[in-house]
Each structure stands twice: as structure tokens, then as C-alpha cells.
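Notes follow once the structure below has been shown.
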């Protein structure tokens, strides 16, 4: 058995649309250890959600995993058939989505939706499943759980609905929980509660968590490892310390610079220039080159390979290669 | 029940009352329009000169209070209606209600079967179309439904009549035996069936793209179960709203179809009364059919609100 | 320096690296990478998508051809839709119920003399009239009625819906209540009723007006269309206006001080335009349906003016012997309605941005 509960190697996922092939995920790799938390940070269009959906194989009809492998406990699940995947989803690996209002079926009661998950993957009877549902609702902090079972999604508040989603996802004690922007649709005060809840449950149930988000603040506390994605590729990966204090990719640096800070209140906000990448028409080289102030000629034509900065810290940027080359050959090229 | 559920029940009840009120108002307006336009005919619809025989003339004068002012006539007429007295035919002198209700029984059977057929086949084809999208089965179904929604029922009926009765001789033109219902049923059911197919397909596709379907898949629910348990229930809701208008379509369609296949239903009687200018019959039948249509729409609207749990508190 | 076998790679430089590549990239070079999709207007975008739809394009072609046929035929075909065929000034009574391209006895004798007789493309009817030209006129009538009715529906619905939508509040509430009531009235029954009554009431009074040719029944059709059928259009327009009114860009426009009239012109109407066009494309076949249905019941256009519905109805009596008399008008109806339906569907697919994949 491998160390990792989940290994993603060179995942490539594309959507085949009328306008052409959209390369949403373009060679993404990462590993997830049991019980640890991985954060995937990126803006809309970076491919972070598609990566999550690729793992669960719940892509839209036009999406397909084109290359790469996803190893669960060492087994490549991209090769699994429908039946095997159905046994994987909800039981070994669960996912919670961004908008709990649209993600819960409006015509079924809360109780039936949770018990459905239980009855699917375990041998419990209907009565036992109901008890399990109540247990889960209590665990996630929903008050009056017996009453809630009969209610419908539209009768609950946003935060409550997200808790229900979490209860549903964890009902069968999966090894992995993927959280796709779980707090984006919620009020700020509720956000903190939900994140705390996820962390708490993780400690109690010992599952690994993949937190997908565009919000740097969300992952700062929670994650053992963070990967930063842009345009379908991984720009940089490392611990929270590495990423926040020693960023080694221009995109990461740009992200950190653009966060408004009370320390620098008098200064102008510094956005990242340019427009988001058009995934139908990707550059030959680094995905970020068009918006990068320090882009070099090589950046336009060749995809940067991943270079280790430290044992935990890796970045895909030609500038690092240049810096290393200069360090090895003594001084800058301008001499 | 929770507070919210009680609130929703009240909103629903308010809606039902409002809707019933609207229906009654509509029927009232229709009766006004029917009665007064009929009386706009020079000499009035009950003009004894239009009567065919002296006996009929006498029956008319007795029944219709022709010496009273017109508004009073209206009130009396409506009063009689509510007591089951729908008047006499000025052509035959016979009571209208027995003729009407008996022939309506035939039409209702025909229409009822047509509706069932259209619903069953429409929903099945719609599902197939949605699930096999853009492949051969879907394309065939789309072609078929597009063609069918471009064919008025009388065109279809006459073509079927020609093809199966005259040219091929497979089915005899209307006689008492029951399997002659097939062609009229097809003529009536095909257009609604095509419409329901399209409606179901669009609705299914819409639901299949919803987030909660993705959640079901993410929970590990098997594909076929996702379709039948999670999507179909939601997708059929808009189809229900079509049943009201469908009944209206079938009623108007039956006017021609019964004529073409010489079925003695209310539709044929109505067309005959138009051709013969049997005014009392026209009036009574128009009102009767209109009432049925209004009630059908009422029931459909209420059913829709009851089934869709997302009742908005407006 | 080949360290390829070690993971992770510590040194990816090989001797062949071109150090000039480490120079900063210019803005030019970067811009070449930044390809955005062409921006077009909503209209151009929609038209482009419509052109890609083969069915819609075929429908347009068919409708244009049809239009050409019905406009040119009366000039080319020497027969009238109402008069009995004459040969040399004499009424040809033997020309009854001829099959397509068949000639009557009189015509054959005439041709034997060396004269030319224009062929009866669809044969003749029981009154010895050329059927082709009657079908052509029937098509003209159906199309005219369809378009005229749609225009009535459009004008009334547009005005009513715009006022209701833009005014909002109580005005909107009352107006929509009225719409609800009208909507629940059974339209066809009302038309039938009105036709029966108007036929008797007006009778001779319209003899010298434009309605003489079409007849009182068509008048009642137009009246009922004007009274009842505009409600769907009104609701549609009102819905569009309500949704646009609350859009942020209208709010922004108001915030910078744009006058109401200008807001309506630049923001609201263009967005309604696509809805309007699609509605018309789908309203026309519906009106033609209604007209042919009425004609079939005997409540159609005044004889001798033919309409496709009345021709189909008349063909029923001779169905066993002369089936073609049914086919031609029926096919014409189906063709027109089908073409408009396909076009309407195509327009809707092309101009509804929500359906973009």
C-alpha cells in the first residue's frame, strides 16, 4: 500500500465543444496523504474544480479525461467501470459543492436524501439509516435533527443547507472529502463556522480533505499543502509558509500582492494585469506568460518544468531556472 | 408541521380560492358573450320564424319567455341552466341536455383515450430523445415531432382516412365496431403527443443539467436510478401544466375529427348545428364546452401548484 | 549532466540552452499570445448561428420559393380562380375533375387544331376551375390572413405589454389581471360563435368594402384575434421588459442620468426584438392553422375565394375518386406551417443566449 490515499499523475481533462477542445486541466499532478489537507487555489477557469470532478468522474457529458492517472490506494480509478465508480463515490470519496441550494434536490426531503446515501453504500435497514441520518445531522451541528428530516431544502438557511450537504457526504465515512468552494455562496460569518466544522470533522473521522477555493484566506489555516493553479496547470506547490512567505511564481506573487491589506492601506491596489486566459487558444509556453511582467522569450515557447525550491516547495517558472543557472555559473548574464 | 409548512398551506389555499374565483368569473363572462352575441342576430336566436314546424314554434315560445326584456331573459336562461334545463333545439324541438350529454359521453371516451395515448407515448419518446441526444434515435424523434406539430388534425385525419379506409381498406369507415376508434384517436393524439415529446425532452435536459443531479451521481447513485428517481420526477412537472390546454385542443380537434370519421359525438352535433344554424344548440354547446375547458385549466393549474414544492410566498 | 533519472530534476539545463531566450519578452510578443475571441454584436452573432442551421436555411429557401410561386403564377397561368375554364370564349363544362395534366375533351379538340392549352398542373375541380391556380390563391389567402393576424397580435400585444411592464406597480397589476381573464377564454369557440353571428348580422352590409372578397367570417377572425390572441405576446413583452428593467446595466444607465425614452430605445427594445421576431415566426403558422380549421368547418373565406382549408374540406366529398384534390392543399398547409415552425425554432436557437453550449 502506498503512502498516499490519492495520487494524481499528469491529469489531462478536456471538454469537447462546438467551438473546439477546451483543455481545462493540462498536466496536473499532486499527492494526498491520509488524514491530511490539500488546498487547490486558483481563479475561475484555472481548472481546479474540473480537477476535482475528474477525480470523482462526474464531469459533464462533453468532458473527458484525456490522459494521466488517478490512483486511489495505488489503484488507477480512471480505468474503473461505472459500477466500480458508483461504489467509490459517496463511500470512499465524497464531494460537497459550492451552492447547497441548487445541489440538493428540491423535491425530496432532507432526510430521504441523507438516508439514500446510507442505504446505497451500507447494509443498514431503513430504520438504521434514519438513525444514522440523525446522528450525522447532530454531528454537523444541525439543531432538532428529527424535525429536519422531514423538511425540504428551501426551508433551511444557507449555512444549514451546507451542513446538510456535509452530513450527506460524510454519512458513509469516506476516506477523502473534496470540498469545492464550500463557503463561496455563504455569508462571511457562516463561512468561518463551516470551515471550522470541516476541520473538526476531519480530526474526528481521520479523513483526507481536498479544499478547492479561490480564496487565499480560506486555505491559510487549514492546509498542510497548497497547490496554486492557473490555466489548467500547477504553478507552484508547497506548505502555507512556502507559498505565503516565499512565493516563487509570478502568478502567486501577483495574487499575494493583490490582497488588500490593512498594513498597506494608503497604497493603491495592485491587480494582475491582462485578461484571464482563453482556454480554447492556449499559448505554447507558460500559461501565464501573457500577463507576466517578467516574461522572457523562453516563457512564450516552452512550458516550464517543475523545479524544487526546497524539500516541500516546488515551482514551475523559468525565472527560477534562470536564477539557478546564474547562481551556478556565477553572476548575471550581463557581464 | 413547521411554521413554514403552515404558511405554505395558507398560501396554497389562497391561490386555490383565487383561481376558482377567476374560473367562475370567466364562465360568467363567456355566458354573457354567448347569450348576447346570439341575441344580436336579427330577430334573435329564438325567432319563431326560424323554427321548422309549428310544434317546435310552440315549444320555443313556451320555454324561452320571449316577451320579457333581454336582461331578464338572460337571468332566466342562466337560472334554467343551473337546474339542468339547457333548452330545446329550434330545429328538432328536442331537449338539448339529453342529446348533449349522451353525445358528449362518446366524445369524452374518444378524447380521454387520446389524452392517455399522447401522455404515455409522449413521455416515453421524450425521455428517449433526451437520453440519446444528438444521436440517431433523437434525430428521428425530432424529425417526427416537428412534422407532427405542423400537421393540423383535419389534415392528418383526412389523410389517414384516405390511406387506411379507402386506399388500403384495412379499416372500415365508421361502423359500430370498436376498433374503428383507432384512426380518430391517432388523429387527435398525434399533435399533443409530439408536443409532449418536445416538452419532456426539454424538461429532462434542463433537469439533467441541474446541480442536484450531479450531487446524486456524486453520492454513488447508479445512472439509471439517477434518471428515473431524481430527474423524471422534476422533469414531468411542466408536462402536467400542458394537460389543461391539451383538453382544449382535443375538444376543438374533435369537432373536425368526429365529422370526418362520422362519429356521433358532441363535436359532430356541434358542427351540424352550425351548418344548420340551430342557434339554441349552438349556444348551449358553446357554453358547455367552454365550461369544460375552463374547469380543465383550473384543475391543471391547481395540480401544478400542489405538486411543485417550491411554492413561492408571493 | 544527464540527471533525467533522478526525481525531482535538479538541473534541467543542458548545454544546448540558448541563453538569449532568457531575455525579457517584449509586449509585442506577449500580445500575440493573448488571443481573445472576436467580439461581434448580438445580432451578427445570432445571424451567424442561424446560418449554420441547415433546417432553418432550407425553410427560408422554401418560403422564398413559395412566395415567388404565388406571386408569379397568376401572371403565368392563364386561368382564373373563380371562373370556369373557357376555350375560345366558350365555357368548357367537360373540364370537370380532371386529373393533373389531363386535358378535357374540348381542350383536346382545341389542341388537335394546333392551338396551345396551358396544362392543368393540379387538374381541375368539380366546377371546372383550374385547381393549381385555386391552390395558389388559397395559399395567398392563408398567408395573408396569417400575416395580417400576426401583425394585429404584435401591435396590440407590444403596446399593452410595454405599458404594463414599464409602468409596473398597480397599473401593471390591473392590466395583468385583465390579461388573465382574457387568457382563460376559449378562443376557437369564441371565433366560431362570432363567425356565426357576424355572418348573419353583417351579411350584405360589407358587400362593397374590402371585406367582400374575404367574407364576414374572416372579419370575425380578425376581430377575435385582435380581442383575444394578443395576450401571449403581451405577457412575453412584459416579462422581457421586467427582467431587463431590473438588470444592472439599466440601473447603471439610470444612475448616470439617461432619460427614460433613451433607456427604452437603446436597452430594452433591442433585447425584445429577438423575442418579437421569434414570436411572429411562430404566430403565423398558428394563425394559418386557425384559418384553415375554420374553413374546414365551413366558416372560412367567402366562396368563390379559395383558402387551403376550404379546398381541403371540399375535397372530402370526392375523396375516393379524386384524392389529389385533398393532397395538394393539405401538402401546402403542412409545407408552410412546417417551414415557419422550423424557421421559428432556428431563430430561437440562434438568438437565445442561454442555449449557447
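Just so it is clear, A, B and C label the chains in written order, and each chain counts residues from 1 on its own.
Definition applied: a residue touches a chain if its C-beta (ideal position, glycine included) is under 8 Å from a C-beta of that chain, and two chains touch if they have at least 3 such contacts.
Only a predicted model underlies this, so the values are computations on that prediction, with no experimental measurement involved.
Undergrad: So with touch defined the way it is at the top, what topology do the chains form here? Options are line, ring, star, complete, other.
TA: complete
Undergrad: Which chain has its C-alpha centre farthest away from the C-alpha centre of subunit C?
TA: The most distant chain relative to subunit C turns out to be A.
Undergrad: Which pairing of chains gives the most C-beta pairs in contact?
TA: Pair with the most C-beta pairs in contact: B-C.
Undergrad: I'd like the Å distance between the centres of subunit B and subunit C, where a centre is the mean of that chain's Cα atoms.
TA: So the centre of subunit B lies 26 Å away from the centre of subunit C.
Undergrad: Averaging only over C-alpha atoms, locate the centres of subunit A and subunit B and give their separation in whole Å.
TA: Averaging C-alpha atoms per chain gives centres 53 Å apart.
Undergrad: Using mean CA coordinates as chain centres, what's the subunit A-subunit C distance in Å?
TA: That pair's centroid distance is 50 Å.
Undergrad: Residue numbers in subunit C touching 2 or more other chains?
TA: There are none in subunit C.
Undergrad: Could you list which residues of subunit A touch at least two other chains?
TA: none
Undergrad: Applying the document's contact rule, which stretches of subunit C touch subunit A when the two form their complex?
TA: Answer in residue numbers: 8-13, 17, 19-25, 29-31, 33-37, 357.
Undergrad: Would you mind writing out the residues of subunit A in touch with subunit C in their complex?
TA: Answer in residue numbers: 17-18, 62, 274-275, 278, 280-281, 283, 285, 289-290, 292, 294-301, 305-308, 314, 318, 321-322, 324-325, 328, 333.
Undergrad: In the complex formed with subunit B, which residues of subunit C make contact?
TA: 180-181, 184-186, 188-190, 192-194, 196-197, 200-201, 285, 289, 292-293, 296-299, 309, 312-313, 315-316, 319-320, 323, 326, 330, 333-334, 337-338, 341-342, 345
Undergrad: Of all residues in subunit A, which touch subunit B in the complex?
TA: 56, 58, 82-83, 86-91, 94-95, 97, 99, 102-107, 116-117, 120-121, 147, 151-152, 154-155, 165, 168
Undergrad: Which subunit B residues qualify as touching subunit C in the complex?
TA: By the definition above, subunit B touches subunit C via 22-23, 25-26, 29-30, 33-34, 37-38, 40-42, 146-147, 149-152, 154-155, 158-159, 161-162, 166-167, 248, 252, 255-256, 260, 271, 274-275, 277, 282, 286, 289-290, 293-294, 297.
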